[in-house]
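Below is one structure, written out as structure tokens; comments come after it.
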């Protein structure tokens, strides 16, 4: 942590800051520049204490150096973490494909699409039984019956299931059915939900908030990890910017930046980022090119009657194309992309 | 709702869209332009059905016209709503001042600051017993004992109390102590929390999400209103942009835009927007100039030892200056700003 | 400047950085923390040299401390600068009102509106003879004949004139007619234009770029100042964000931040920020509340036939209301707002 | 174009709008919905006339349908354009690699790096003789001597040269030396520069502005095309967002969206987007995955002494890796990536 003093700060201001640093139990190292002084702080743990220094007279700025996350940090654990869900492994160099309907609409629809994505080689099944919807007047998900359908789809296909949890009180219920809990983008800083989900010790797929910084994203992963689960996979799903040509701006630049500071796996959701199925395959391949550990895509066989997000769903033939191209690009990059064992394609 | 067809759309594409519109129970009005055709849709309620049309062949874009919110809309209720909390009235043309510590740190600190802001004429007391913190390692609030302290502060000062609720399961508990529930910026799209908070029927202060559009903000108000409370006040507290000179970019332009489409009151939180106390007074006056119905500010008498957000808190003398300037600017604009009855200043 | 080393940096990496710092002629001060080392650099001028250090092995980050601008900095000149254009003074504590049509459309229209704004007490006249238009197919301005009309309007009203310059080659021509040159938002980093405009030594009104940081804004002011003019007024006119309820997001938070680091005056353009006349008065008053040194507004007496930006122009009666409210709010804040001497009330 | 009326608009308001539409020479088609009326406008050319309708009483919103660009639009020219620079072809399905130093620093440095990138198979040489720099105190480029060096590098390597033009008055000079003119991101809406550059009829590489929408980007291309050149290649180089983990947020989602509405080629600059060489290869491959027609990268053999943007430059061995991986991924996607004929690698 560095405390940058104003160029007009007095000697008294300097001494006050130095004393406050020592009062907090740390060491102060004052550097005298031509136009101003700065004070290096060592011995501090984390960056929480900056708030005690920022308001002192003569202080221009406090610059944290140590990252506030620990468990998620590559400094603590230099090698990549591999998160295992059933026989699926995130972060071992390969590319994981998670596919399925955006929402569980009915037993028939879900089993049909689960069969479809399994037959084409997807590794995991996605589908929401609880849906976060901007409007209170739209379909909110089937709830527990939807979870039962997902469990049946797993039985039938052998694919592990990831599904969203929205209410801290229902986290244990969702965990009974799901192989992996999903935290949605709007809930990335729903700290109560993170705490309750983390306590269950199950693998969690946490979507980056739509305006979350990299540090905030890792702090939310830290909430999960410090409460009990170490099996966290982060998902980039587009951020909010001024650009209106896509529903969100898929931020592929976060992938190498994330991997530099964290050992956790990170995947990409090109469907929610795009909002339009015509952009899903290019965005998926961009994610693989950027180094993502996997993809999460919406597939539907009747998008014009889907209850949620129909326009972004891939049709079966598009999904086949995505599988083929992902396989080819992964191979070009020397990354495994093994089709699910039941794949018939 | 308008369906804009691609310039290369065929007659067959047009017919398919017209049929789908009728299948949904609405009317289709096709307009033939020079380069393309467009289809006006009437009879629809809300905009949910756009997803059934967006994916059809030949469709370039679906443009909703009717807003998806109803209860929050000025079209339904043309006159301003007045939200009453004790003897405080939001939305009647006057300016309401809510002040207090960011967090309830201790009984002594809270009672002391409550007395202070009451003596200077503030109308309501703020203070968090549950704190949403980016880091799991920082002070998370006192919880229920904090609520008890707030209730005691109300007794002592006569000021109604607003405090944050974070967990849907604890909403009834918070409602027992608070006069008004606060939904934080990170929870504006925590729909489970909105549902449970709305059901209690108490006034709610809902902060705009840090990257929420105006429509999304009103849809979240709609969640609260459609679940039981009609006493909703929205709070602009800065949005996330590329700019780094302030913690957030206070979006004063949302105030006139909000008032044009909604009858609800809207206030401004200059403290969280700025992150630095030196900018709080200018941002507060900017909010009043833009037409905000009130202000929500952090006050602390020992910011360099505050457990949360110390650098943004106003000192007692700054708060006095804010009260004086708010009174003068309100008067200049012909807006009431009556000091709380116990004010001694 | 601080060089933050990676926690895994070797002693050899440290020595290499220290040597490079000395090679550049500066001093290195190495601080040993628990998890990493950092090196304070003193003796450097500006921040240009960071690029020589950022790429070295083991370097995690280089943090500049000294601001890259000098002439625009309050560190060099602690007291406010007053920029004088005719008898108009920016930055002396008062509020300056610049008003007029967005574009010079005709002699008649310009003289008519100039008379109007002068009669209501505006201090300066605005109007564009060269218009930066997103589309090559729309009205691009009258060019030099437009400048002649502006000069005639000045004769007639006594109001000094500010008008935009777009082409470095035409800067001397524009300067012959104008009392103050305007640099548009799209040209804030058109460095050739800044150089040529600065050389003329005339006062310049420089609009902040629509995605410019505070530092970039001040660096562009520095271009003007280092090339010859010290009479620079900056104008906040809204920035580009995700928000779509206004054409741009007026960033009032930049005003106190700007004044903290620079001695230059800063004004607000509520018309271009809003894009809609209904929001212009609230945004203008927000600007005054935030501490702006003046306002720049579009006025038109027939907006539905205006060639440029009609929807954002104030009608004469709205402009009267703005003058009245600005006078009242300025008075409440103890800031002078004297009507132009020819004002007829 | 659609005119959406306020739900409270009177019959008189409707008639006024209909009349104004007819006065402009267009047809009005009024649609009566349950809560409001809307008026379809046909016969209009472009969207310029919306400003005459937006300010009328009772009008809530005017929604343009026809895009304001024509020459750049795929509606006018459905098939892809191929832009040819020497023997390099942009837009024919292949991937073009443009590489070289950010700035021409000296004859020796430029010839050395030109040889290097040619020997590894790059197709074109980049290098700036005029540099847009945020600070007036940093290296501004060698000017015309730099152009001469670039011409010599072309002689020596056979690679066509692209270099930036900043001043409209110097566009003819730059065009004498360069095979392709570059418009920088800060100048994308420097309309005078676009006009002068377009008139020369040479191929132009136009970088997207750092906060430009897709429509604005195409309107700037339209400036170039309507003034004389039809050989325009657009370059995505990252946009400005709240995210701070990269210098800019590379917006790969613009690539499929761009190709849907325009026939022009689009390439990606991963170097300026990232700002750090460690992210350049992942961002380059993301661009190829997303469908970009080429890449523009900075290469330097001594980045820690580079005068401009050293930290983002690829070292020779990194560039070799980029060439290898681009070749493999291009092949996986069935896209040609032929090495330059002089490649020795």
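Note that the chains are named A, B, C and D in the order they appear, and that numbering of residues resets to 1 at the start of each chain.
What we mean here is this: contacts are C-beta pairs under 8 Å (C-beta built on N, C-alpha and C of every residue); 3 or more make two chains touch, one makes a residue touch a chain.
Predicted, not measured: the structure shown is a model, and the values here were computed from it.
**Q** Decide which interface, A-D or A-C, involves more C-beta pairs in contact, and give its chain pair.
**A** A-D
**Q** Which chain maximises the distance between its CA centroid and that of subunit D?
**A** Of all the other chains, the one whose centre lies farthest from subunit D is B.
**Q** Between subunit A and subunit B, tell me the centre distance in angstrom, where each centre is the average of that chain's C-alpha atoms.
**A** That pair's centroid distance is 27 Å.
**Q** Which whole number of Å gives the spacing of the CA centres of subunit A and subunit D?
**A** One centre to the other, that is 31 Å.
**Q** Rounded to the nearest whole Å, what is the centre-to-centre distance of subunit A and subunit C, using the mean of the C-alpha atoms as each centre?
**A** Distance between chain centres, rounded to whole Å: 39 Å.
**Q** Listing for subunit B: what residues touch at least two other chains?
**A** 211, 240-242, 244
**Q** Using the touch rule from the top, collect the residues of subunit A that touch subunit C in their complex.
**A** For this pair, the touching residues of subunit A are 2, 4, 7-8, 29, 31-36, 38, 40, 42-43, 63, 65-66, 75, 78, 240-242, 244.
**Q** Could you please specify the touching residues of subunit B with respect to subunit A in the complex?
**A** Against subunit A, the touching part of subunit B is residues 20, 46, 48, 51-56, 68-69, 132-138, 166-169, 186-187, 189-193, 195, 210-211, 216, 219, 222-223, 226-227, 240, 277, 303-306, 308-311, 313.
**Q** Quick check on the complex: what are the subunit C residues that touch subunit B?
**A** Touch residues, subunit C against subunit B: 211, 213-214, 238-239, 241-246, 248-258, 260, 273-274, 278-279, 282-291, 325, 328-329, 331-333.
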